[in-house]
């Protein structure tokens, strides 16, 4: 038995929700500790670095705003991969993953919108402008809420799974639009300054706290996501046990 | 004074069609009548007229000896129609608690508690589940528990035992007998024998061919 | 009666309930407007109150058709018709519950959308106040429409068509009060009082008409 098939077997082992619960119970505390440590370091760095000479103290909003915005897009990407998993591979956990990610993604998007709004008021003189970046992120937020509403509207998880998977994949079109909106259209929002082909244009003074915060947010996302997936699995088990209880009740009477 | 349900010369139509004509009967406390007849003979219409949900064409439905001032006889009636009047999204307890508090008790009687009612229909232990999780037969039995949580002297039952198995049939017959023994009145439309001592009102399916009380 | 209120609230927040959908619809409708009229902030702040009102009006029509239809489908309506409690009171309580579940969230969400529309703080406050006073009227008028259309299999659209023309006075005074708050010469209080009067008027007329329609719709 070679390496490769072992890896495949490990992956399909994960498909079993019980295995997933066992494994995630081991991993989850470590992830939680790691995200707490990273967040602590990141926040410490964010508040000890010097302020920008133009923006003053408000620049510190960036350390929350930018990672939250990245995560809002990454979360949707995770959901899109899960949706593929549901439709193509019929992976039993894919639907659980997509469903659990939606509220987390909505929270990160809301955080990005709110912090951006707080930053925009002193910088641009207004809470909100309808430029391409802001608008497309807002549309992303609406899509998250729509997906949550769709999941809530259907009480049969099996039926909801395919419908929301299709919707997620259709909505994935929005992600590249958000990413490149600042380059395609001339907007008020500044263009990307970290992830660039010709290297970051941002000063290292700001780059380090930002990168640590981004790492912290990413680990935080996976911590929350795995915890939410566990909840979702338990919730489905409770539901099926309740149905079982309803079927067996009164039969002996 | 025990109550009497007096029906005199009752006729009803649905749309333009005359459904039945000139039905009269009197039920005293403790009596039951089973309305029989082929499909479309007007059994359900009769019950809905008695429940005050349809206008009468002529004739009267009267309640004599009502314990308190009432506006219409329907206020002292339970109506169990084809549909269960329960919400799928709410738990059984929430459903029953709502009807118990919304309907209240008629004078001279008390509804039983929710747990007691659920136990009386033989489904103790699943009242915390959403109503939608239950099977059709269980839902019907829970709808019957509704008859017990709020007291009404008169029960109008439309095909009460349709989705029920034999044991639930017997259980329901027991509940009906208890209600009659306590001075209640039951009007039930059904194809199957109800399993209680009752008069029979045979609907012939066409108006004016003399509905008769056997 | 409190039990009816609580039950309807529970139903609207449980799975498949309409409480979240209404706010989401409101958000979406208002968010679409800048795409149509262009992102000019001055223009948006000028038409903001009107847009918020139209969005709230449309959003509060959502789900109105289910107000009595859901009760009718599972047979609950029959039982409600039979009770000693006057049907008018039952209808009024159902309207209050429906408004609390769908109208109140719109009022609470409106300041956020006001920021999107670049409205001033005073304009946002005034619009929120007028929405608070005016949206119950829409629900109460809607109840009459919903009761008329209760027996129709696809009453949803019809309810909107029946109700929207009747809701025009609410829209007129709601929007004019919101504008009066920001534009100096016009007084704010009179249109607000008229709006309040309309709401109180429909609090009587709406349930009465709905009760009448429900009684005659029973078959």
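First chain written, first letter: the chains are A, B and C, and each begins at residue 1.
Here, a contact is a pair of C-beta atoms (placed from the backbone, for glycine too) under 8 Å apart; a residue touches a chain by one contact, two chains touch by 3 or more.
Predicted model only: the values in this text are computed from it and were never measured.
Ranked by how far their CA centres sit from the centre of subunit C, the chains are topped by B.
When chain centres are taken as C-alpha averages, the shortest distance to the whole-protein C-alpha average belongs to C. The chain pair A-C and the chain pair A-B differ in C-beta contact count, and the higher one is A-C. Centre-to-centre separation of subunit A and subunit C, using mean CA positions: 34 Å. Separating the centre of subunit A from that of subunit B, both taken as means of CA atoms, is a distance of 55 Å. Of all residues in subunit C, those touching 2 or more other chains are 15-16, listed in ascending order. Residue positions of subunit B touching 2 or more other chains: none. Counting only residues that touch two or more partner chains, subunit A has 155.
On subunit C, the positions that touch subunit A within their shared complex are 15-16, 20-21, 24, 27-28, 31, 34-35, 39, 41, 44, 115-116, 118.
Residues 122-123, 125-126, 129-130, 132-135, 138, 141, 167 of subunit B are the ones touching subunit A in the complex.
Across the complex, subunit B meets subunit C through its residues 14, 51-54, 70-71, 74-75, 77, 79, 81-90, 94, 97-99, 101-104. On subunit A, the positions that touch subunit B within their shared complex are 155, 242-243, 245-247, 249-250, 253. Every residue of subunit C that touches subunit B in the complex is listed here, in rising order: 1-4, 7, 10-11, 14-17, 73-76, 78-85, 218-219.
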